[in-house]
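Next, two complexes with subunit A in common: one pairs it with subunit B, the other with subunit C.
Right after this comes the complex of A and B.
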């Protein structure tokens, strides 16, 4: 393995192509940490934003006027503001209002750190879009199907969980796919509040080594690869859920 | 390929030209006196060393030093704002006669511009931290979150040598905000900027407790080959250290006297 790493040092000495995140142990470790941080943040946000979308779409169909109004208000606020502004708002404005907790080194830190705020703000941001995406699916389910379920004595929750949502999901998947791809790319914004993800680490590496071009190419390929995996997985899921004559 | 060679050749020719150009006019002092104006490149974004007052005039420690030079030569002073990426080029091109712009004295820079000995100032890396932590050594930062600026060269040193967890932000305002809300225990930055911040009433509970590391002297510079001007500036710097001018300017602009300025004053007294 060392020979492999050393070859890249040799590459730098002979050609000037500088990839310190391969041959330098310190830079390699932080790039790997950054890669995992991006994956961790992406998976957390994918999970919670989808949950928010499903629950939100159900609440949107609630018979209670105020529940519907709150859900719509949430969508307006989070869909109509830039995610970077939301992140700064959560981290610096809300973060400083929260109760402080004692740290093990004798200080007081805000209750939630930068990762938590990034996960929260990105989940809510993508979640707002997901609610609308699921709504489009829910509205595509024929009224007669729901009436049939009501006639069989299903409760409102049961109808949504067992009948509307599974059918709606199939209609929503292409749009959901789109939004989740966008979400993974939006995780780069988290570097503004110092979440050490890939862009953050790459930025520090190119500042230390003045190899902006190489790092940019690497970043582009890394995100292409990451998003490629997500798209492949989503397509597989879409295929496996296919029902003949529905959602095609 | 052919055109590449052409470009390379013309580059060499240009360099040769500029070298001969430099030797041709070696007496900058006479030129400045003839023109009646001394053009000095200073920082305009580095409080309190060189910054803009509300009317847009450049003021601070370095502009004051530039004024001393102009008075000595008996000419008018013209200040040109420079930034780190263009200050040496401005001097090479003759846009400015003298550069006093918080520039760290480095051997590779001495090849491009004529840096005057002795150094007039010095700064290094230190931390701004709440007094309650009582940090005494850099080792105390191990494993704790420390705010920084994205892209600063000392981030790597602070985390690799002392084990601090660097939390780096885009600009200084975000870092100061994060420090104040407790997201990090300290802010690692230039000691010269931190000293100015500790005088800010809003940061009364903060201190700069550690020994400065990576201390690097600042050099003011003239164009390469201007030996007469270099010699004059060298005498001026010795004069500043001798009379305590630098110490007085630090006090005037609310900076605690730096160890370097004190040591130089004692040496030349």
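Right after this comes the complex of A and C.
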């Protein structure tokens, strides 16, 4: 492995293509940490935004007028304002209102750190789109199916959980796929509130080594790779969840 | 999933309706803006009314800085319009390249589109900021490239890729009978494209194009990260010049959110309206 790393140092010496995140152990660790941080942030946001989408779509079918109105208001506000400003709003405005907690070494730290706020704001942002996506799936479930379930004594929550959602999910998957890809790309915004994710670490490295071009190209390829994995996984999932005889 | 394979009274799933807001029984009307505005401006004023006579109230501070912030927001809009113009022009060419008859042009256009579509906007913005020179020399004339112009170019890259996909999608969505009919009437390929295909595509492209514009407008704040003095940068500067008073944070950020909401929400509603009007009834 060392020979492999050293080859890149050799590459730098001979051609000037500087990739310190491969041959330099310190930069390598930084980059790997950043990569894992991006994956951690993405998975957290994917999970919570999907939950928000499912719960929101359920609440939108609520018989209470104000529940529906609040959900719709949430969707409109989060869809029509910049995610970066939302993140600043959460991190600076709401974060400063929360109480501080004492740390082990006598200092004070905010209750929620930058990672938590990034995860919260991005989940709410992507969640607003997911509610819409799930809603269009829920609308595709025929009324007769719901009525049949009602006749069998299912409660409203049971109908949604056991009947509507499994069917709706299959219809929503292509659009959901699209939105989740966007979400992974949006995690770069966490850079603005100093979450040490991939863009942030790359920025550190190019500040130290003045190799902006190489780092940029590496970053673009890295995101290409991450998005590729996600799309591949979602397509596999879509295939395995297909309803036989429906569509195509 | 366009058509059901067989007719039945009890289908497993209904055909999917396109995503649109027509199920929203709650529509924002113009007067709704005022309570929101009042809330944003006043809710913090009450809490901090006894902050001391030396400091002006939150509301006064916000009003004092409002002209500057509005100017910053106008700058955002300028960037968005420019980036949309450049992105649309280049993207449309790229989109036509994707349906070109030459396999090489097609592959090249496809690759460029996918590359810029799958990269994060912020990374592309950094890309443009750092890799473009600060001035270009064309036939002896030095043209300076200020930061905001570089940011505009950086933002127009993803727009270009998305427009390219919109164009390709719209052309592909037309029934192939249109092409065949034109061919039987002895139209050349260029004529078919310009006289028959593209005019029909405009209607289909308009809603997603407007959607993209509203996404782009919201993305212009990214330029603050790379140091262009638009509304977000100005807000940060105003907040620090007011001495970093924590009670100012929420009203100022809410104000920026409100500005974007007031601009993007009507666009979103109009897009939904257009989608409904242009919907092809099958």
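Convention: the second predicted complex is superposed on the first by the 246 of 248 C-alpha atoms of A that agree within 3 Å, B and C clash if a C-alpha of one lies under 4 Å from a C-alpha of the other, contacts with A are read in each partner's own complex, and residues count from 1 in each chain.
One rule holds for everything that comes next: a contact is a pair of C-beta atoms (placed from the backbone, for glycine too) under 8 Å apart; a residue touches a chain by one contact, two chains touch by 3 or more.
Everything quoted here is computed from the prediction, not taken from an experiment.
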First, second, both or neither for A:192, with subunit B first and subunit C second: both
Which superposed partner A:155 touches (first subunit B, second subunit C, both, neither): neither
Residues of subunit A touched, compared between subunit B and subunit C (which is higher): C
Partner chain(s) touched by A:114 [first = subunit B, second = subunit C, both, neither]: first
Touched partner set for A:92, first subunit B, second subunit C, both or neither: both
Partner chain(s) touched by A:106 [first = subunit B, second = subunit C, both, neither]: first
Partner chain in contact with A:200 - subunit B first, subunit C second, else both or neither: first
First, second, both or neither for A:208, with subunit B first and subunit C second: first
Subunit B versus subunit C as contact partner of A:29, first or second or both or neither: neither
Interface residues of subunit A shared between complexes with subunit B and subunit C: 92, 96, 191-192, 203
Residue numbers on subunit A that touch subunit B, as the complex places them: 26, 92, 95-96, 100, 105-110, 113-114, 191-194, 200, 203-204, 207-208
Subunit A partner contacts - residues on subunit C that touch it in the complex: 1, 4-5, 10-19, 23-26, 28, 115, 118-123, 126-127, 130-131, 214, 218-222, 224-225, 232, 246, 249-250, 253-254, 256-257, 260-261, 264-265, 268
Contact set on subunit A toward subunit C in their complex: 68-69, 72-73, 76-77, 79-86, 88-89, 92-94, 96-97, 132-133, 135-137, 139-142, 144-145, 167, 170-171, 175, 181, 185-189, 191-192, 199, 203, 212-213, 216, 219-220, 223-224, 227-228, 243, 245-248
Residues of subunit B touching subunit A in the complex: 130, 132-133, 143-145, 147, 150-153, 155-156, 160, 167-170, 174, 177-178, 180-183, 185
